[in-house]
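One chain, chain A, appears in both complexes that follow, with chain B as partner in the first and chain C in the second.
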Partner chain A sequence: MAEAIARGKLIPPYLLSTPALLLYCALLLTPMLMTFLLSFNSFDLYTGIKPDYSLANYLEVIQDKYFHVIFLRTFGMALVVTLICALLGAPEAYILNRMANPWKSLFLLAVLGPLLISVVVRTLGWALLFGKEGAINQTLMGLGLVDEPVKLIFTSTGVVIALVHVLVPFMVISVWASLQKLDPATERAGLSLGASQFTVLRRVVVPQVMPGVLSGSLIVFALTASAFATPAILGGRRLKVVATTAYDEYLNTLNWPLGAAIAILLLVANVIIITSYNRVIEKKYAEAFG
Partner chain B sequence: MSFLRLQGLVKRFGDFVAVDDVSLEVEKGEFVSLLGPSGCGKTTTLQMIAGFEEPSEGRIYIDGKDITGVKASQRGIGIVFQSYALFPHMSVFQNVSFGLEMRKVAEAERKARVMETLDLVHLGDFAHRFPRELSGGQQQRVALARALVIKPEVLLLDEPLSALDAKIREDMQIELRGIQRTVGTTTILVTHDQSEALSMSDRVAVMNEGRLVQVDMPYQAYEFPETPFVSSFLGKSNKFSGVVSGQSNGKLKVKVGELEFEAEAGRGPCEGPVHLSVRPEKLLLTAPAEGRFTGRVHTRIFLGNHWVYQIDSPFGPLLASHHNAGIQSVAEGEEVGLTWAVEELRVLAPEAGDG
Partner chain C sequence: MSKNGPIALIFHTAFIVFMLAPLVVVCLVAFTSKGYISMPTEGFSLRWFRAILENPDFIDAFLMSLYLAIVSASIALAISVPASLAIARHRFPGRAAFTAFFLSPLMIPHVVLGVSFLRFFTEVGLSGTFIGLALSHVIIIMPYALRLVLASVTGLSRDAESAAVSLGASNWTVFRRITLPLIVPGIAGGWVLAFITSFDELTMTVFVASPSTITLPVRMYNHITETIDPLIASLSAALIFVTVIFMVILDRLYGLDKLLVGRGN
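And then the complex of A and B:
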């Protein structure tokens, strides 16, 4: 009887989640499955997509230097953006957390506010700032700091700056969450034991918010590696990343199978990097934080 | 000269006075409890001694040195926080070792001192555990070891036992007192538990609304409270309001309603309206004719080693509590006489706003 009750209790949750599951399958899994199948088809410039199956697309990406550069650039950029976001976002969250209330809410809103604006709009804003005649260059030249305009638009520096701006709120939120679990008395305990403010920060606070920094890094890394709008607008035609390359294959070359293969490879690479990173971290923090 | 001296400490938060003119002298090696109801300013006082709150007025001296402006990290005071505040990412050993690392103690000596202190709190075998793998009582002892290992001149304990359940708490009280005696550190314990304060300390300092009301040895404070607040905060008491009507041979006559009681003129006031107080264990039950007045037993509660009676009397409900001496006790509803030995009646100044 107990079993029957237990089973009876289990069924409603499944039933209740069915509509969401169905939607999820229809809208996410189906297109992904179709992309996956498409990536094995071949493509002919004159006849289009042919319904045969081979690994040719994958081999092409894996063997071609052109794609290597794009993949390396993408993940290199993701790494740099993640590092900068961690270096900016963690102290930002810490300072925000220590502010008194009217300011705290105000600054938090300022940090998270950009999330409310479309990426495209924000990126176009950056494009205006970065341009040869843009505000940044006019200021720099006006101040006499540089003689000729600094090249920011269509460079990786420009893309990285804009991506950091887009993604730093995710780091702040993630570190913020782990700061809420930090007992402020541990900082006082450190001080009372003779540690300087800086030592307390380094040995007591940072290790405790590290899980937040690391999970924030995961989010930022994954979002950068698959970012599309920012590199497309600020990187231009030549500074390609994986996502923009897949897009070009789809829309310019019309080689959908190759684009699909690139997209799948990006997904697989992302999943591998993130899960192995996660595994390492879990091992490191399992003991102290459970 | 006293070792730790608080001189006219005041702490204001805006208009609110959290600590109001607190002066206290603590001898070297002494164990003083700071006792008072929630929000009376105990933690704030402790934080000022520790250096985490700046006094609005007043000075703090340790061993004759004025430390009022010294940074918390330079004071060399050991603190056990109410939440323990163990470093969750460090093992027990690393937690205890932290203070010694900050003092640049060489590794060999550091190891020896950490293990010695862990043995003192009976946690020698737990050095490699992490805080979350310990019970509340064990965490509390790690916090104590972490504070003691630096051999602080003063040890501050902020309700260190309040998170523990009753049984462990009693064990820890005895253990904490034992450790404090062994180490001989000057200690201030903050608590709102009167039995904890009475059982552990050399002296109790009773606080109310930011002020120190009475500082005395536990027995003295309990037996000779100076105000009705102390009398009711340290244990229970039966209170009557009356007016002094006369005085002879060191005895006061106090009129309470229709009756007149004698009391010894002690520390309290000698004239005008007063408060009389009798502890429940000093309120004796007799045959109806033999008492100072009579009452009726309303409820009778058996608590194993003693009985507690709630008695309806002309002066309102009274409490009496007596040892279970194996004799059949009076039954509920029975009429009893109520009396006390003259020297057990305390005369106190009435408190503002309370009868």
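And then the complex of A and C:
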């Protein structure tokens, strides 16, 4: 009977996928292709975009030190943010998982809830905290730890702190998901066989949640590398990242071809990093379990 | 369930303070009675909440975001349901490629989508229109909608459908009377996640929105880049209050972790 449905009576899968396929071809494939072509055009301040094709925009980005700094800053920040998120998010997920209800669900809500709140709002919170008169400096000076206000706004430290806040829930949820699959009996078995709490953590828990940490890292890295709102608000003009640079080329300088080339490079870098990361991890796990 | 030690609890407390501090600060500053950013040391005032209502720009942007999120989430779901049925229930050549293609917007930085849509809409004459904005949002939220619907279709038993077919029900009747009611939780969850993602989207929208289709996040972003005042804090606080209420309802209905796992991976 089930086969009969699958073969004859149900609408063929291609027909069911047609609306989505049409939409994606018209609104994803075409715009991406147009942007790719646009990135080879040239731009003139007086006449605008010229329909000729060359690698000039890419060469400009690859040769200009100004762009090197921006790309290095972006991916360096992504690396640091990912590391901090892993170091904070993974233990927090583990601690949350060991709590009893109602605390467990309450704190899970507190950690994951901010994901539903606009990034603009969360970044505004950090802008308020970072100010000269902000809570952080008031506390530090009140405790006598510093004599004059610490500069956090318009610094990469500030941007990194805010990005960790914005993205760490993704790490917590990723590790949380892999903790749900972990059998608590394995931990108890380790303890009953005389292992210390630390040994159980290191030899039993960490290896089992590692896939969660790794997939969480990938999400955090990719999202940091393409973050816009947080670096734009807290970094300003002086601390440009790739996304804000593309924005400026498009909407301020109006040099769309150069902006398109920057965007394409960001996309390519992201895709290369994601796929090679996946490949390395798959290989590692194939060795471990193969 | 073993207990957390004191170090774990200290770490946990610090973590929660870190997560909530910026939101709490926004909410406190929102109640200031002064004309500049400050803590409400001299009593709480609703002055800046009243100021939101006197600011039609923000109200219009809020309504635009609401309308946009409802329209684009509904379109995304209408397209995701048949696509999910195809992917979850059939083995056909190109199935893996279709799935990857439908989830691909997750891999593309929003700034890249933004520049691409801007170019595309300018070329085809849709720049600055609501329909262009809505379609671009559909692309961005499709993967979230698709994933939750797909999860609910994948776990579905075929027995009831087989019974209906053997009793002579047509394809459409089977879908409407059996399949659809069974996957309603997935559809509703997908719609909510799609709605929230659309409502909060900034990076792509900043390129595509025109003065007549400006959304709330774009309006707020533009405001913050010019000035940070108590008005923007009170608006943010209002958004936080609404989101928290929404969040508690969602958590009761679905479990926030289940809904958001779809967003992360």
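To be clear about the criterion, the second predicted complex is superposed on the first by the 275 of 290 C-alpha atoms of A that agree within 3 Å, B and C clash if a C-alpha of one lies under 4 Å from a C-alpha of the other, contacts with A are read in each partner's own complex, and residues count from 1 in each chain.
Here, a contact is a pair of C-beta atoms (placed from the backbone, for glycine too) under 8 Å apart; a residue touches a chain by one contact, two chains touch by 3 or more.
Nothing here was measured: the structure is a model prediction, and the numbers come from that model.
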(request) Determine, for the superposed arrangement built on chain A, whether chain B and chain C clash or fit. (result) fit
(request) Could you look at A:38 and tell me whether it touches chain B, chain C, both or neither (first, second, both, neither)? (result) second
(request) Calculate the angle at chain A, using C-alpha centres, between the directions toward chain B and chain C; round to the nearest 10 degrees. (result) 80
(message) In the overlaid three-chain picture, which partner chain does A:99 touch, first (chain B) or second (chain C), both, or neither?
(response) second
(message) If we overlay the two complexes on their shared chain A, which of chain B and chain C does A:254 touch? Say first, second, both or neither.
(response) neither
(message) Quick check for you: in the superposed arrangement, does A:199 touch first (chain B), second (chain C), both or neither?
(response) first
(message) Quick check for you: in the superposed arrangement, does A:189 touch first (chain B), second (chain C), both or neither?
(response) first
(message) For A:121, using the defined touch cut-off, is the partner it touches chain B, chain C, both, or neither? Pick first, second, both or neither.
(response) second
(request) State whether A:69 touches chain B only (first), chain C only (second), both chains, or neither. (result) neither
(message) By residue count, which of the two partners contacts chain A more extensively, chain B or chain C?
(response) C
(request) Rounded to the nearest Å, state the minimum C-alpha distance from chain B to chain C in the superposed three-chain model. (result) 9
(request) For chain A, give the residues common to its interface with chain B and its interface with chain C. (result) 197
(request) Note which residues of chain A are touching chain B in the complex, please. (result) 183, 185-186, 188-197, 199, 203-204, 207-208, 210, 287-290
(request) Enumerate the contact residues on chain A facing chain C in the complex. (result) 1-2, 4-6, 9-14, 16-17, 19-21, 23-24, 27-28, 30-32, 34-35, 38, 88, 91-92, 95-96, 98-100, 105, 107-129, 131, 133-135, 162, 165, 168-170, 173-174, 176-177, 184, 187, 197, 215-216, 219, 222, 225-226, 228-229, 232-233, 242-243, 246-247, 250-251, 256, 259-260, 263-264, 266-267, 270-271, 274
(message) Using the touch definition from the top, list the residues of chain B that touch chain A in their complex.
(response) 50-52, 71-79, 81-83, 85-90, 98-99, 102-103, 130, 132, 146-147, 150
(request) Sort out for me which residues of chain C touch chain A in the complex. (result) 1-5, 8-9, 11-12, 15-16, 18-23, 25-26, 29, 37-38, 78-80, 82-83, 85-87, 89-90, 92, 95, 98, 101-102, 104-105, 107-113, 115-120, 123, 135-136, 138-139, 142, 158, 161-162, 165-166, 171, 196, 199-200, 202-203, 206-207, 217, 220-221, 224-225, 228, 232-233, 236, 239-240, 243-244, 246-248, 251, 256-257, 260-261, 263-265
